[in-house]
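Next, two complexes with chain A in common: one pairs it with chain B, the other with chain C.
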Partner chain A sequence: MKNKLTQFLLLYLLIYSSSSMATGPRVSPNMFVDNANQMHAVELTPFLDSNIRNRGLLTELIETVLKLEKIKGDINILPSLNMVTYYFVQENALAIIGGDFNLGKKAKNKSIFIPILTVDEFYYYYQENAEKTLSWNGNLGSFNNKKMGVQKGINVKKYKQAGINISYGRLAALLKKMKSHKVDFIRGNKRTVETSIEQYLPKEKSLFKQMQPKAGKLVLGISFNKKHPEGIDAAKSFKIGLRKIMANGQFKSILQNHLGSDVKLESYIKYLN
Partner chain B sequence: MPFSCFSEVVEFGANESPPFWSENMPAYGMCGEILQEMSILAGVQTNISFKPLNRLIEDTENNDLGNPAFYLEEGDFVSIIPIAIYRSAFHYYKPNHKSEIVIRNWDDLKQYRIGILKGTLIDRLVFEKQGIHFETSYNQKSIFKKLKLGRIDLALEIRLVAQQTLHTLYRNIEENFSGIEVVNSISPIAIMLSEEQPNAKIIAIKLRKALSTLIENGEYQSIIKKYNGHVDLPTDWFSELEHFNNLYNFENSE
Partner chain C sequence: MKRIVILLGFFCLIYSNFALSIDKVKPETVGLSTKRLQRIDYLIDQHISDKKIAGAVTLIARKGKIAYLQPSGLADINKPMKADSIFRIVSMTKPITSTAILLLYEQGKLLLSDPVSKYIPEFKNQKVIEMLPKGSDFAYKLVPVKRDITIHDLLTHTSGILYLASTGWFPNDKREQVISFYRDAGITDGFCRPDETIGDMVKRLAKLPLYAQPGETWEYGLSVDVLGYLVEVVSGLKFDQFVQTEIFEPLKMHDSHFYIPKDKLNRLAADWNSDWKGSLERVTGPLIDGDLALCPNDAYETSGKYLSGGASVLSTAYDYFRFAQMFLNNGELDGVRLLSRKTVELMTATNHSGKHDATLLHSHGWKFGLGFAIQQDRSHNVDSGDKGVYEWAGYYSTRFSINPKEQTVTIFLSQTSPFGAHFGLWDKITALSTSAIAD
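Up next, the complex of A and B:
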């Protein structure tokens, strides 16, 4: 017994010696690339995610177009929407990638947004027992006095006007807050929400409920910066390249590689003109 | 010394990274000393616990001290207050190489075995795609020992941390190690107040004001200089601090 305790203590000391606690520089690709042509993206699994193949579906589509049209640009996936918009507005990044950037009027006028994919969004709630349900009828008034979980940086004006209380957080934290009843509902697209539930709360998967009708749509794409010296030309070239990969089947092939061979292309481009 | 505004102690988690944060240094190192002085001025009681980086990142409800980029992957913060900046560099041991090492781009890195600390690599897949591979170690001493023995060619480390480690390990041959600064490596060290911290917004306002006072009266500069060999602060120190202050200023987005 004493022997086992000694072995355990030795193992513990080996693993948790003070020196094993050290930290160092955060080694990310943007450390080694030129600042001039940075494109900042907000993380949105499985579309923009540093931890999956080719950093996600949208990243791969964009990088394919950049390569085809020889547009210089390095994609940097960031954890916060606020950081992404800061780089666009304050530091004239070449482009930003994602969906709802919530840019001010002035910044919007300086941007050229090119839509690439669209996804339907739904409201989700956590149902621990069958009696406690939450419903909505297509009118935000259904959620009056309820608490909605929202990522920082998203425009919440219409929710506040409908008498909805707001709790800020990242998706993983919001899912946990839904479980502990600190948040009543969230809005998100099926792929992102279900992937995150699977990752963070797989045992509770069946308790997260999607509400009907759908909440709206999220258009994912790239916003080029007119204030960047190469912004306007890059946007023009990108549009051409995007049309090329849609015509030659590369777009569909990348989509299928990420979302499965049975994925319907039409549902992801149905709102694009 | 002002009386404390809040009876409860604001608990922070930090990761051992001398001389910035260290359980074994007076006042817990350079940033520990800054936090201590800020706390006194703000009338806020603070305490630091030292834990491994991964544990701090996984705990999404605690207040953290360090580079926000690590912690924002999982956590949410009411306020992020940058208090210092750092730069990183590739270090090499000159006797192990016939000529000076030059790094201009990704391609230059492909030929080298690069040592980094475990848990600090982001976007591993991107590096692999570029043909760049890293060897991880659990602590700085181990990295620099491997570097001297020729088991790795380059050690990517925070400049000040590298200086301190080399001084401890190889005091007599320090000049045999050379550093190549990584251009885009300027990063902040910040105080991060969690969403779960009671009175977080009020505490943040008080700490920000305290930091401004410390800078105005010169005490802040004295602390930084003390740990940087009493040399003057780099000319861009405060502009970079301001830059990170704006980048991480999420309070106005709510």
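Up next, the complex of A and C:
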């Protein structure tokens, strides 16, 4: 009996130690299991950015609400807007995060969008290349025949209708294209554009110019998926949580932590209902 | 004062001679025929007079000694090619990067079987693209990887990561879809030096779908650029610093750099566009052909952020000979042991990529080891060489070949675009260098 027990223990130790010390691919269950509650976002510095504190302002605001309301959800920031839409439309991800999603009609119908922040958007040009040839009077027709830099996946129908030529690229590439005059102008919010100029073309900072009047607004938020088993309930809870953090001052505090203490909450929520 | 000037002059003389002096031996002392090697002179000169290439440096070594080192033609307009001219070796960077990884492997800092996500978390839970039947609502779907990419997959190009330029080499819908994500995400092949760090690029790349399940295909791509970043993560050093201190310095590769020092700018050979029919023009701007973007003039930048493990190194024929000779010597050169014999054997083994052949530069019968293509048998259409020969190339028409059986190193460096046109010339060079063996 004693012998058998010893043999068993030895065998157990052998199996246990060999599995724990084995080299080769470290196989763990999470390599194979999809997270059912994925929330996908496209990079938009400084709101959604894996390389900055708490992955950006919008990420922190959303994660705060998720935690408060005990909503299970993992935010995955991707470099491609088309991938974000794919996950929402095709894989019924719990939610997508950002602004200009360009979802088709079918996808819009299954989306519950909760706005969180709004930012004003402007058109920008590179002074040396476009100052004399570009004018903006609030009507897109004034950009007729000009080349606009746009991120892939954004709806460009209205620009094309106005006779504007489109060149696609990430913001960093579009800024360089503006500098080399392959693109005449871009549209973007002040925070994102200025952060990117600072990061990629700091020496030319003063040569990027903002045009007036403003181009419009970008509403940043979260779109829950009605087709996801938890989508509708999660959206309801999220709305409640968002109201709570606005009321208790957490929203303002996070906003100021990211954008500076002089930032006025009102300017970021002024278009929200 | 006069004495100081004389001393300085003397020092400069010694220094400049030292910089240019490369020991060559009479070919016969290492079993090569001088007369037969001269056939390479005629071959290269003919290509120059036909205006197919502007110039080249060709090096042939045997038994550890350089028997043939011939600069020919022009390095730039009105500037003759020199033995120490510096070249964009582009993808000949890849064996250097693979060596850096194997050095970390020898230090016990990583295992080739480790998932890359162990070091770069963005590689966890990657997706693989699968095309859906035509007429489906969506053209594709993304399925989970069956297993994470390993370091071994990156070394052997079996990771499923592509080059954007591959849309031109092997066009198909699936490839086009993956590359469209690369374009969205601002991924580049690294032949032009983007204004970002390699880590920035690799972290974005990791979030994009793979072309195939890891280990299930052989696709030449950005895998080695990922390895460059992996070196940074594992070693804690910038990639160029690691390569400098762990490879270039021990091997005395004094003219190998990621960014050229100012005082060597005049040694950098220009790139030339050739139609191989007599029209030859010095390249002045970027060469863009669909998804292939080449910026030969980026090599004149003396500093920058981007350190591509797949493409960034500038080097000379002599320096690359030293690197190649280290492999022929089973990991050691001039008393300095860089790699162990077993690691060199591992890198040059032909059974790393299973049934997949390295068919980009060669054809079936060539396998990819850990950094090079290796001749597995003679069932292919490359004329010369032996089983066990290993080699690789660079996009501006640079090549090297190492023959362990005959103890030869053959290096051909030119700067000629487009890439594929020089294949016939290279095959002839290897045929002539092999047939110069006279023992």
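We adopt the following convention: the second predicted complex is superposed on the first by the 235 of 273 C-alpha atoms of A that agree within 3 Å, B and C clash if a C-alpha of one lies under 4 Å from a C-alpha of the other, contacts with A are read in each partner's own complex, and residues count from 1 in each chain.
Basically, contacts are C-beta pairs under 8 Å (C-beta built on N, C-alpha and C of every residue); 3 or more make two chains touch, one makes a residue touch a chain.
The model shown is predicted, which means the values in this text are computed figures rather than measured ones.
For A:Asn82, is the partner it touches chain B (first), chain C (second), both, or none of the two (neither)?
A:Asn82: touches chain B and chain C.
Applying the touch criterion given at the start, work out whether A:Glu198 contacts chain B, chain C, both or neither, answering first, second, both or neither.
Touch status of A:Glu198: no partner.
Contacts for A:Asp233 in the overlay, against chain B (first) and chain C (second): which applies, first, second, both or neither?
A:Asp233: touches no partner chain.
Which partner does A:Arg55 reach: the first (chain B), the second (chain C), both, or neither?
first
Taking the contacts chain A makes with chain B in one complex and with chain C in the other, which residues are shared?
Residues 23-27, 30-32, 35, 50-51, 79-80, 82-83, 86, 90, 152-153, 168-170, 172-173, 176, which sit in both footprints.
With touch defined as at the start, can you tell me which chain C residues reach chain A in the complex?
So the residues of chain C touching chain A come out as 111, 113-115, 118, 124-125, 137-138, 141-142, 144-148, 150, 180-181, 183-186, 195-196, 200, 203-204, 207-209.
Under the definition above, what is the set of chain A residues touching chain B in their complex?
So the residues of chain A in touch with chain B come to 16, 18-33, 35, 50-55, 77, 79-80, 82-83, 86-87, 90, 152-153, 166, 168-170, 172-173, 176.
Spell out the residues on chain A that touch chain C in their complex, using ranges where they run on.
23-27, 30-32, 34-35, 50-51, 76, 78-83, 86, 89-91, 151-153, 168-170, 172-173, 176, 200
Spell out the part of chain B that touches chain A in their complex, as residue ranges.
15-17, 23-24, 50-53, 60, 66-67, 69-70, 72-76, 86, 88, 105-106, 109, 116-117, 119-123, 125-127, 130, 134, 138-142, 156-158, 161, 182, 184-185, 187, 195, 246-248, 250, 253-254
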